[in-house]
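Next up, some structures in structure tokens.
Across the two complexes that follow, subunit A remains constant while its partner is subunit B and subsequently subunit C.
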Partner chain A sequence: MKKEFLARILVILFILIAVAIPFAGQWLFSRNRINTIELHARMPENGGWSIERIDAVVDEPIHLRMTSDDVVHGIAIGKSDLPGVDIYPGEFVETTFVFDQPGQYTFYCTRWCGPNHWRMRGTIDVSGEGRPLQPEPQPLFVTLDIDIDSPPIVETVPTEQVSAERGANFASLLPTYAIDRTTYLSTSPAVLWMRLRAESALFSLSDQDIWDAVAWIWQRQTTPENLENGQRLYAENCAACHGETGKGDGVMVRNNPVWDPGNHNMDKSSGSFTGEGFVRPRDSSDPKNLLGTSPALLEGKIIRGGMGTGMPYWGPIFTSQQIENLVSYLFNFAWGFTPNENLD
Partner chain B sequence: MVRLDLTRYPWALSILRNRWPQFLLRAVTLAGFVFTILTGLFGSVVGSHNFAIIFVWIAWWTALKLFFIPFGGRSWCSICPIPMPGEWLQNGGILMPRGKGFGLNKRWPKALRGSWLQAGGFLLIGLFGALTLTSASVTAFVLLFIIVLAFVLSLVFERRSFCNYLCPIGGFTGLYAQAGPVEVRVKDAEVCASHAEKTCYTACPWGQFPLALKSSANCGLCMECLRVCPSDNIAVNLRPWGSDLGPKTKHRLDEAFLGLIMLASVLVDSAVFLGPWGQIKSAAYAIGSTPWFIFAGVFLFAALVILPGLYAGAVKLSMLMGSSRTTLRKSLAKYSQVLVPLGLMAWIAFTISFAFAKFSYVLPVISDPLGWGWNLIGYSNSAWVGQSTSISLLLQVVMLAVGLAWSSRVALRVSGTHRQALPLVTFSGIFSFSMLWLLIG
Partner chain C sequence: MKLPLPISNLITFFLQWIWLFVFVLSGLLILIAPLPQSSRTPQKRLIRIEASSFQFTPGQIHINPNDEVTVELVSMDVVHGLSLDGYDFELKADPGQTVSATFVADKAGVFRFRCSVACGNLHPFMIGKLQIGPNQLIIRGIALLILSIVTAFYSVRQIPQLQTRLA
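So, the complex of A and B:
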């Protein structure tokens, strides 16, 4: 009977050890991590970020210990220079964020984890002393009252490849308003072309010459560095849907129906959580689409998103400069300029 | 045929007879079982970082097919923890022989005897396999369900009814243990004949009578008979592989069914897990969706219609070529032995195809069993995804070739003439080449 007793003790002891390992281990490991927030990244279909609101104080570091429960994700803070971090399934990565200005920040997923990737966002509310984040000025599309849900389609487009370099030759002939930044922001290339075409001073120029001049006007509003920055942002954030060349054929939308202007309104119950009802973005490389669009409209679209089309809102994530760079880069598609190859 | 009786060696006999070595192993596997359920329930949802997934579906499942069965027949059953809690009550103690404890001790219903339910259980594993094999929590619930079911059944029914009639792994190991190199038999039939008490039968948790054992399929190698035999008349033999397979052993129709289900399962598993068809994979995974119903339909059609149809056709042809007058039912049962080496070697080839590549996950999950970022033994980040090497490919071809040759030999032994064996050999050939195509092609 002694042996039987010993055997029973052993069975119970072994089982207790088996049960103790996870719980004791959890307790031991968590003791060292009192000030650490454990954040699980999951595709929105699987629950999204495990924590969607984090409270922080100015200059007090937030330690995050992160892992992914499904696919590769990433984390970054919108409108900040804090470096992003990749989060791999089953592995833990730690990072520390420190904020020197109070305000509301957006953290978001930086890896194309799925069709609802852009829904992976959360906020960090930073309180405390210091100069608060500057509120963004009202976007131009609001002050100009542009209906960004009905982008116009134009018929007058260049018949040949435009050249900003050639256009520069006509710079001295152009009226002052044409090179004014306000005109650039609020006017589409097609509208500006029509206004210039009607200018008597430019009668001697051919239609193509005027397109070249407009392309030059667009080019002088940006710099090669800004274009490069725009290209990088586009590749990282936009190409998965809009396609590398702006055709609207990115990997995330290939199975979606093609964009139809008739469907483009926010009354439809499209854009459900599953991605059903989403359409492909329109073809930005078709000049008829983009040349009728003003920079203010594009900026508005990026800030506010597509409302029901699946296009995310980037307002809380990109700085105004980043959006401006993106807009400048987008027009390259319409002009038919090949993107710089010098960026990998 | 040649046999090596291990009980002739005093040290081996004492290890086998003493309850402690086996008890300690079972106590460890029981604790491991509990630990696996906990890691499955509370650990990382990422399968490759969860002990439950890696230990059940990579380490144990591989060890069962590459080690326990080929070298020990039902040796896993002798240390399996699943019946342990139930037997504790049934026997009134952990180190106790059978039958002094608690339980209704009812006999298992006749209608449910045989391997039918085990085969059905294996089919279910196949149908839901893609989810079970990748989800730690589902794995944990399956394990929990199995141990609770075994426990409850042991309170109602006598002996190891769960193991005998329900456990799909019991069906799997029992079927292929016939080809294994270990057997428990009596040394001298005369001694048993003169012994009126039949203590061995009374003690056997599997309900076997050692004197009548012709096949190792239903002997769980628990050594209870050896422990109670007053005349030391039980032998534990090492024997040539496949000794049970031949014209002399009796077989039932359910063995053919079980053998065919196993063949269908290894084909489907190879197609789902190793094949290049992403659509099959996602269909197998999307349980409840239309593609899954199509997958399930095709699987069931292959397992219940195509393979049995081909097999029955081969058996019928074989009957037509011979002169003996037996029923189709009897012949289907008799030739089921052909399916044993064929299936066993196919399962081994299938296992080789992923085992080498995936075994590198074992150390990391020991280091961090719950995928919580621990590093207990310093191996947490050492997983590498192995490649199928040419050695592994060669081994798979060799295993399939051995399976074909072996099953052909069994077909010949069972039928007696080349003419009659030919249809069965053709059946084995079609199956082996299908496996070859799925694994290598």
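So, the complex of A and C:
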């Protein structure tokens, strides 16, 4: 009788253990995940990031467990050089961010996930002790008071292919202001060309010679590595709208009409969420467009975005060095220089 | 009563049914005979495929065997891929970043190419067709169909004669 009682107790014990195992496992699992944020990425039309605001504390790591609900997405932190993490549908990927400075950071989607891809942005608020994020110095277009929406003024364009190598021959003839960096930043190639044309010292040079010299001035402000970085940034972030060759014929804007000042209609508000009234970006390979813009103006356009044209604002995403590289690369379209083909 | 199986009977039986053997043999011939290879010289081709959700444009491509094909994959909305059945060939393109790769079409036949990156609900149905050389299956199929129609008509003509002889 005692043995049977013992056996019954044992059976009940085993049943209890069997029932408890899944619960215990779940409890252990959730304890490991206590600091993990599960983040779902969806196309902006379907809701974008499942969490758009993350609160964090300085030096405390944030574990993110991410997956995509539809297409390939990616995540990266704006204004940092950390490479992005790709998020594939059906797979979980984990990553950890640690912030050592309090402030507001932007996280954004890094892979094109539709025409509204750039709307996939969220913020990370980092609080706590420490030196706060340095506020960016005011961009040059603000301090110089450049109207970045003014149409470019280009009176003459190069008649043949410019060559920075040829332009280097005239380096010794150029006045000092021409090779100054502030002149480069604040002046458009067309304006600098007009100033140089008016110089009496350069009277012997032909128009084309001066264009070559201007191209050389533009080229010496950057390095091949920076240009390569600019090319990569352009391909990843800009080419889908502005086109791989800068013609403004990217895949995302293919159905939009070409910009034409004649059909500009103030009654129709452009920039609605549906994209109605959007036009294609301007053709950057047309020297009449880009040669009339200064690097500071281009930087301003990139930081601020297109204000209702569908061009996103990249201020919270790119570092100033990245924007500078991008601007240097953009002028290659105007000069007609071919990009580096061997870039992957 | 002994079984009447003289040689002459066998011969007449064989002669009566020889048309059927001819038809069966020609049917087998149609099925397995090698078709003459096209004598076109292989050429280099550049094919630009635009991938959008959820289709390839063009979705049907016809090339000749041994062509050197460069495929340019352009993604129109989200990240798409292209992987070709039967060949070790795969591409992956982001919007704004055209990718291209080259392969030699040394295997003839009809191959499907599929999107290799999950691109949404209908991703599994994003399929295109690459036809290398003539479509042998359809040629053989049509030939077999014609043969079977001819056989049918012939047998209708043959069988009443057969029946009267047997009676």
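Please note the rule applied: the second predicted complex is superposed on the first by the 301 of 344 C-alpha atoms of A that agree within 3 Å, B and C clash if a C-alpha of one lies under 4 Å from a C-alpha of the other, contacts with A are read in each partner's own complex, and residues count from 1 in each chain.
Assume contacts are C-beta pairs under 8 Å (C-beta built on N, C-alpha and C of every residue); 3 or more make two chains touch, one makes a residue touch a chain.
Owing to the predicted nature of the structure, the values given are computational and were not obtained by experimental measurement.
With both complexes overlaid on chain A, does A:I17 touch subunit B (first), subunit C (second), both or neither?
A:I17: touches subunit B, not subunit C.
Output check: A:V85 vs subunit B and subunit C. Expected answer is one of first, second, both, neither. What do you get?
After superposing on A, A:V85 lies clear of both subunit B and subunit C.
With the two structures laid over each other on chain A, which partner does A:I153 touch: subunit B (first), subunit C (second), both, or neither?
neither
Using the superposition on chain A described above, determine whether A:P115 touches subunit B (first), subunit C (second), both, or neither.
In the superposition, A:P115 touches subunit C alone.
Would you check which partner chain A:F29 touches, where first means subunit B only, second means subunit C only, and both and neither mean what they say?
A:F29 contacts subunit B only, not subunit C.
Applying the touch criterion given at the start, work out whether A:A239 contacts subunit B, subunit C, both or neither, answering first, second, both or neither.
A:A239: touches subunit C, not subunit B.
For A:L144, decide between first (touching subunit B), second (touching subunit C), both and neither.
neither
Considering only the touch criterion stated at the top, classify A:M194 as touching first (subunit B), second (subunit C), both, or neither.
Neither: A:M194 stays clear of subunit B and subunit C.
In the superposed arrangement, does A:A76 touch subunit B (first), subunit C (second), both or neither?
neither
Which parts of subunit A are in contact with subunit B and also with subunit C?
On subunit A, the residues that contact subunit B in one structure and subunit C in the other are 70, 89-90.
If we count contacts the way the header does, which residues on subunit A are in touch with subunit B in the complex?
3-4, 7-8, 10-11, 14-15, 17-19, 21-22, 25-26, 29, 65, 67-70, 89-92
Could you please specify the touching residues of subunit B with respect to subunit A in the complex?
Touching subunit A: residues 23-24, 27-28, 30-32, 34-35, 38-39, 42-46, 48-49, 84, 93-96, 369-374, 381 of subunit B.
Considering the complex alone, what residue numbers of subunit A touch subunit C?
Checking each residue of subunit A against subunit C gives 43, 70-72, 88-90, 111-115, 235-241, 244, 250-252, 254.
Can you tell me which positions in subunit C touch subunit A when the two form their complex?
Touching subunit A: residues 50, 74-79, 94-98, 117-121 of subunit C.
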